[in-house]
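What follows is a structure written as C-alpha cells; I'll ask about it next.
Read from first to last, the chains carry the letters A, B, C and D; within each, the first residue is number 1.
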Amino acid sequence: MQLWLIPVLPLAGFLINGLFGRRFSKGAVNAVAIGSVALSFAWVLKTILALSPLAGAYSEHYFTWIRSGIVNIGCDLAVDRLTIVMLLVVTGVGAVIHVYSIGYMAHEGGYYRFFAFLNLFMFFMLVLVLASNYLVMFVGWEGVGLCSYLLIGFYFDKKFATDAGNKAFIVNRIGDFGFSLAMFYMVKNFGSLDFATVFKQAPGAPEATLTIIGLLLMLGACGKSAQLPLYVWLPDAMAGPTPVSALIHAATMVTAGVYMTARSWAIYAHAPAAAETVAIIGIATAFFAATIGLAQNDIKKVFAYSTVSQLGYMFLGVGCGAFSAGIYHLVTHAFFKALLFLGAGSVIHALSGEQDLRNMGGLRKKTPWTFWTMMCAAVAIAGVPPFAGFFSKDAILLAAHHYAPWMYWLGTITAGMTAFYVFRAMFLAFFGEYRGHEHPHESPPVMLVPLAVLALLSIGGGFALHVPEFLGTAGGEEDRALMAISTAAGVMGIALAWLMYVAKPALAESFAASMRGLYTLVYNKYFVDEIYGAAVVNPLVGGSRAVLWKGVDVGLIDGAANGVGARARNIGSILRLMQSGNIRSYATWVLFGSVVLIVAMGIVGGLR
Amino acid sequence: MTEVPISWFLTLSAVLFVLGVAGFVFRRSVVTVFMSIELMLNAVNLSFVTFSYQLQQVNGHLFAFFVMVVAAAEAAVGLAIILTVFKNRATLNIDDVDSMKN
Amino acid sequence: MDSFIVISLIKAAVVFAALMATLLYLQWVERKVIAHIQVRPGPYRVGPHGLLQPIADVIKLMTKEDLIPPYVNKPLYLAAPFIAMTMALFSISVIPFGPMIEVAGYKTFMQLTDLNIGVLFVLAVSSMGVYGIALAGWSSNNKYALLGGLRSSAQMISYELPLSLAIAAPLLISNTLILRQLVERQAGSILEWNVLHGPFPQILSFLIFLIAGFAETNRVPFDLPEAENELVAGFHVEYSSMKFASFFMAEYANMITVSSMAVLLFLGGWVAPWPARYGSSLVPVAIFAGAGVVALYHGMHPGHRRDRRTLPVFGAAFLAMAAVFLLPAVQAWLLPLFWFCAKTGSVLFTFMWVRGTLPRLRYDQLMGFTWKFLFPVAFADLLATGFLVAWFG
Amino acid sequence: MDVILFLIFAIIAVVCAINVVVQTHPISSAISLVGVMGSLAVLYLLLGAEFIAAAQVIVYAGAIMVLFVFVIMLLNAGAESKHGRSLVAQLLGAPLLVALLGLLAYFVERLYPRGVSVRFGGFTHGTPLDIGRALFTTYLLPFEATSILILIAIVGAIVLAWKEID
C-alpha cells in the first residue's frame, strides 16, 4: 500500500521548497507546499479505503535499520485504527492550516522557509504517527521537536523568539531523555522496540519494570505535550507565527505525547501506578493551567494555557484507562483549538499584530466571519452540547468518575474555568467598545475558508465522528446526571464571563482588586518560570560557573591541558627540528615510520 | 626451469618500490619526485597483478585498474599544482618550496 | 614450434617489405593526388609518370649528410625518430589483412600476430607514438621544434579521447577486441559492416574516428606540429637525411594504421561488399581489365612520346593481374587482400583529398573543436549506441 | 622461455627505474619511467593480465607520462638545481632504503619460499570480458566513485591552471 508515500510527499515538498524555494514565486511555493500535503492527505484517504475495515494492524517493512546482537530494528511503518485517526487529523488539519498560512504569511519575510519547515514538520509528524516501533517513532518525535524549534524561532531576528525556541528545545530534551531511557529499558527487558513484540510481552513482564517504563515514557510525553512540570515552554512557544501555534502547538505535535501514551496503552494497562500518575498529572495540569488562563491578557497566551489545560484532560482520559476518550478529545481539540488559534491569528492579522486583549473590543462588527467561526470553537471548548468538545470532554469526565470521583469534580471545575476564560477572551475581543488604535479589517478569504472548515468540524465533529466506537472501545453507559453537571459548569462559566466582561465590566476590576494577592499570583503564572529560574536554572548556571568552570575546568582540565601543552611545547621545541619544512625530510620520516611499522608487523605477526 | 617463481615478481615489485622511494627522498626536482610516486604506484600494481595470479582471481587486476584511474586523477591535479607553483615561485626545486616552515 | 617461428619470420619479412614499398609509393601517390587536385601534373620526370621518383628520393635522402646540430640532447635526439618509426610499424603487426589461408600445407592467418586485445594494442601503441614527436621537438633545442612538440603532445592526448570513444561504439556491436573476430562478425554484405550495421549504423562514430585519426597522424587540417608557415617545419626542423625520412615514413605508416583500423572497425575488413555468389569476386577482374584496356587505348593514342612504350606495358600488366584474379587457387587469399587494400586505399585517398581541400586550423580552434565538440558528440554517440545495443541486442 | 622473458624485462625495468632516479634531467627520467611502464606491461602479459597490460600502456605511458613530458616541456625544466639540502634525507635516507628493501625482500622470500610459479597462460581470467564483468557488478560502486573522482580532478586541474589561461 506504499505507506511511505504519506510522509515522503511532504518531505519532497520540503526538499523542493527548501532547496529551490528562494527562486520560486509565492504561487509556486504554495503549490509545492500545499500540493504535497494535500496529496499526502489524499493518499491517506486512499490507504484507508484500501485497507478498510482495518481490524488489526497493517505494517510494511522497508529495510533493516539496526541489527546488533538480539536487537533488530527495522524501518517499518504500520497502520491501525489509532494511526488512521491521527493521520486524518494531522494531514487534514495540516492541509487546512497550510492554506490558511498563505494568507497569514503573505507579507512576511522568509516565505519559502516557512513553508519548507512546515512541510518538514508534516514529514516528521507523519513518521511519528506511522512508526511501528519506538525508535522510528523517536525519529519523528525528535524531528517534530526540531521543526518546533525552527518555527518558534522563525522570527530569528527577535531575541524573545529565539529564546522561546531554545526554551522549548531544552525543556523537550528533558522529556526526550526519559523517552530514550524508556527505550533502553525496553530493549533490555523485551529485546525489541517493535510495538507488536513489546505489547505482546508486556502482560507477562514484572509490574515494576512496566511501571518504570511507563513513568519514563510519561516523562517524555510530559515534555512533548507540555504537562506539569515541563509545561513552561508551550506558552512561550507562541512567539512563533500563529499558524505554527495552531498546527504544532495546539493540534498535532503537542498531542504526540497523548498519542504515544495511548499507543503504549498495553504497558499502562499492566502498570496501574504509572497510569495513575498519568491521570494525576493530567488533572493537575488541567486545573493548574486553567487557573493561569483566567488572568492572561495576551490572546495567544490564553489559548496556550488553554491548550496545556486541554492536554491535561487528554492525559486524564488516558490515565483513567479510557485512552479512546483521550484520543477523542485529541481529535475534537485539534479542530476547535486550531480554529481558536487561527481565529486569534485572524484577529491579530486584522489588528496588524496587536495581541493584547485590553487593546481589542467590539470586533464583532468589523470581523464578523472571524467572530462567528471563533464562537463555534468557543462554544465547543466550553462543552456546550451538541458541539464537538462536549462529547469528548464528557467521555473523559465519565471515565474519571469511574476511576476516582475527586478527579471528576476537579475536572468539572476546570471545565467551568475553561468556559470562563475562553469566553472572557471572546468578550474582551469582540464585544464592547473598540479600545485599540489600528483600523481593523476582515481577513482575506484564503484565511476565512479554513476557519469555516474548522468551524464546521467544531460544530459537527463531536457527534459525526465516533472515535471511541471506531477505536473499538466504546465507553461505559451514559450518565445523564454527570453530563448535566459538567454542562452546567460550562454554562455557568460562560454566564460569569458575560456578567463580568459584557454586562458589568466594572465587576472584573473590583473582583481582581478584592483578591489582589491571588490575582497577582495567577497573573504571573504562579511565578513558575521564576521558581524554575531560582531553583533549577540559576543553581545550575551558578554551580556550573563556580564548580565546573572555575574549579574543574580552569583548575583541573585547563591545568592539565596547559600542563600537557607546556610539556608538549617543550618537547615540540625539540621535535620542531624535525619540522624543517623540507618535503624530502618529511618523506624520510615517512620512510622511517614505514620501516618501523613493517618491523613491528613482522614481530607481531610472528615472523622472525 | 620454465616457470618463474612468484617471489621474483614480488621482489621486483619491492625493488621498484624502493627505487621510487629513493627518487622521492633524494631528488630535488618536483617533477621527478612526482614521477617517483608514479614509479611506486607501478610497483604496487605489479604486486597486485601478481597476487591476482597467485590467487587465480581477477580482483587484483581491478585494484590495479583503480590505482591507474586514481593515478590519472592525481597526475592531472598534481601537474596543475606544479604549474601553479612554478608560476608563483619560478622554481621546480622541492627544497625551495618550504614556506610551511615558518 | 619451429614451423611457427619460420612462418612468423616469413610473414614478418613479407609484411615489412610490402609495407616499405607501400610507404615509398604512398608518398608518390599523395603527391600525384594533390597535384591533380591542384590541376598540375605532379612528379613526372623520373621514370614514367614519375614512377621512379620515390626511389630517387630514397637515394637522395640516404646520400645526404646526416647533420646533428650542436646543443641538442644527443641521446634523445637520436632516439626520437627511432621511437616514432618503431611505434608506427609496431601496430601493423596485429593488423589482419585477410582470413586464414593455406600455404604449402601450413595454415596461417594473414596477420603477423593475433592478440586477444588487438584493438587495445593498437590504441596503446599509437598513444606511444607521440613520444617520438614530442622528444624530437624537445631534444632539438630549437624553439620552433619545441612548439611543434608541445602542440603535438597536447593535440594527441586530446584527440585520443574521441578516438577511443569512437572505437568503443562499433566494439559494442561486435562485442570483441580481437581484430580478426571483428571482421568475421561483419561478414556477409555491406549491410553487416559496422558503419551501416542494423538498427544502429555507426556513421557518426566513423566520421569521428576519421577526424580524430587525422589529428592523431598530424595530418591536414590538424598538422599544427609541423605547420611549415608558422613553425618552419615544426618538430623535425633540425632533422635531416634518413632521420627526417624516418619521421616522414612514420607519418605514412600511421596513416596506414589508422586507415586499416577504420577498415577493420567500420568497413568490414577484407570482406567483400556483397557475397561472392552475386559476383563480387569479379569486381577486381573487371577493374584491372578495365584499367588495362584504358592503358592500352592510351598507349595506342599517346599524349606523350614516352607513353607509347610505357602504357602498353602497364596495360598488359593490368590484364595479367585480371587474369590472375580469375585463378581459383589464388582467389582464396588474393580476393580478401584486394578488398582490404581497396578499402584502405579509399580511406587513404580521403586523407589526401582532405589535405588537398581543407585549410589548417588555428591552435585554439583545434583544442576547442575536440574538447567542446568532438568529445561530447563522441560521448553522446557512444551512449546512444550503448542504449540501442542494450535495447535491441 | 618465461624465465628469459621475465629476466629480460625485469632487468629493463630495474635499469630504467634506476635511471629514473639517477638522471638529473626530468625528461630523461620521464622517458626512463616510460621504459619501466612498458616492461611492466610485458610482465603483466606474462601474468595473464591482458587488459591491465593494455591499460598500463594506454593510461600510464600514453596519457599520464605524455602529460608529464608536456609539462616538463612547457616549463622548460632544465637539469635540477643542486642547492637546498635535507640533512635528514642525506643521513637517514640510504640506510632506511636499504633496510626497507631488505625487509621487503626478506618477507617476500619468507612468505613465498617456493610458492606458486608463474607460467605464461597460467591465468586466463584477465581478459577485458572478465574485468568488465567484475567492474560492472562487484565493483560498480567503486567504479562510479572513481568516475566522480576523475570528474573532480578535471575540474580541480582546470581551476588550478585557470590563471595560466588568462
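Simple rule for what comes next: a contact is a pair of C-beta atoms (placed from the backbone, for glycine too) under 8 Å apart; a residue touches a chain by one contact, two chains touch by 3 or more.
Quick caveat, the model's predicted, so the values are computed rather than measured.
If chain D is removed from consideration, the chains that remain connect by touching into the groups A, B | C. When the interfaces B-D and C-D are ranked by how many C-beta pairs touch across them, B-D comes first. Centres computed as Cα averages put chain B at a distance of 36 Å from chain C. Put simply, the C-alpha centre of chain B and that of chain D have 5 angstrom between them. Inter-chain spacing, taken between the CA centroids of chain A and chain C, is 79 Å.
A straight line joining the Cα centres of chain C and chain D is 32 Å long.
Counting partner chains per residue, chain D has residues 51, 55, 63, 67, 72, 74, 84, 86, 89, 93, 97, 100, 104 touching two or more of them.
For chain B, residues that reach two or more other chains under the stated contact definition are 21, 25-26, 28, 94-95. Residue positions of chain C touching 2 or more other chains: there are none.
A complete list of chain pairs in contact reads A-B, A-D, B-D, C-D.
Of all residues in chain B, those touching chain D in their complex are 1-12, 14-23, 25-29, 31-32, 34-36, 38-39, 42, 45-46, 49-50, 52-54, 56-59, 61-62, 64-66, 68-77, 79-84, 86-87, 91-96. Residues of chain A touching chain B in their complex: 579-584, 587-588, 591. Note for the complex: chain D touches chain A at residues 84, 86-89, 92-93, 96-97, 99-100, 103-104, 107, 110-111. Partner chain D is touched in their complex by these residues of chain A: 578, 580, 582, 584-585, 587-589, 591-592, 594-595, 598-599, 602, 607. Of all the residues in chain C, the ones that touch chain D in their complex are 73, 75-76, 79, 115-117, 120-121, 123-125, 127-128, 130-131, 134-135, 137-138, 146, 149-150, 153-154, 156-157, 160, 177.
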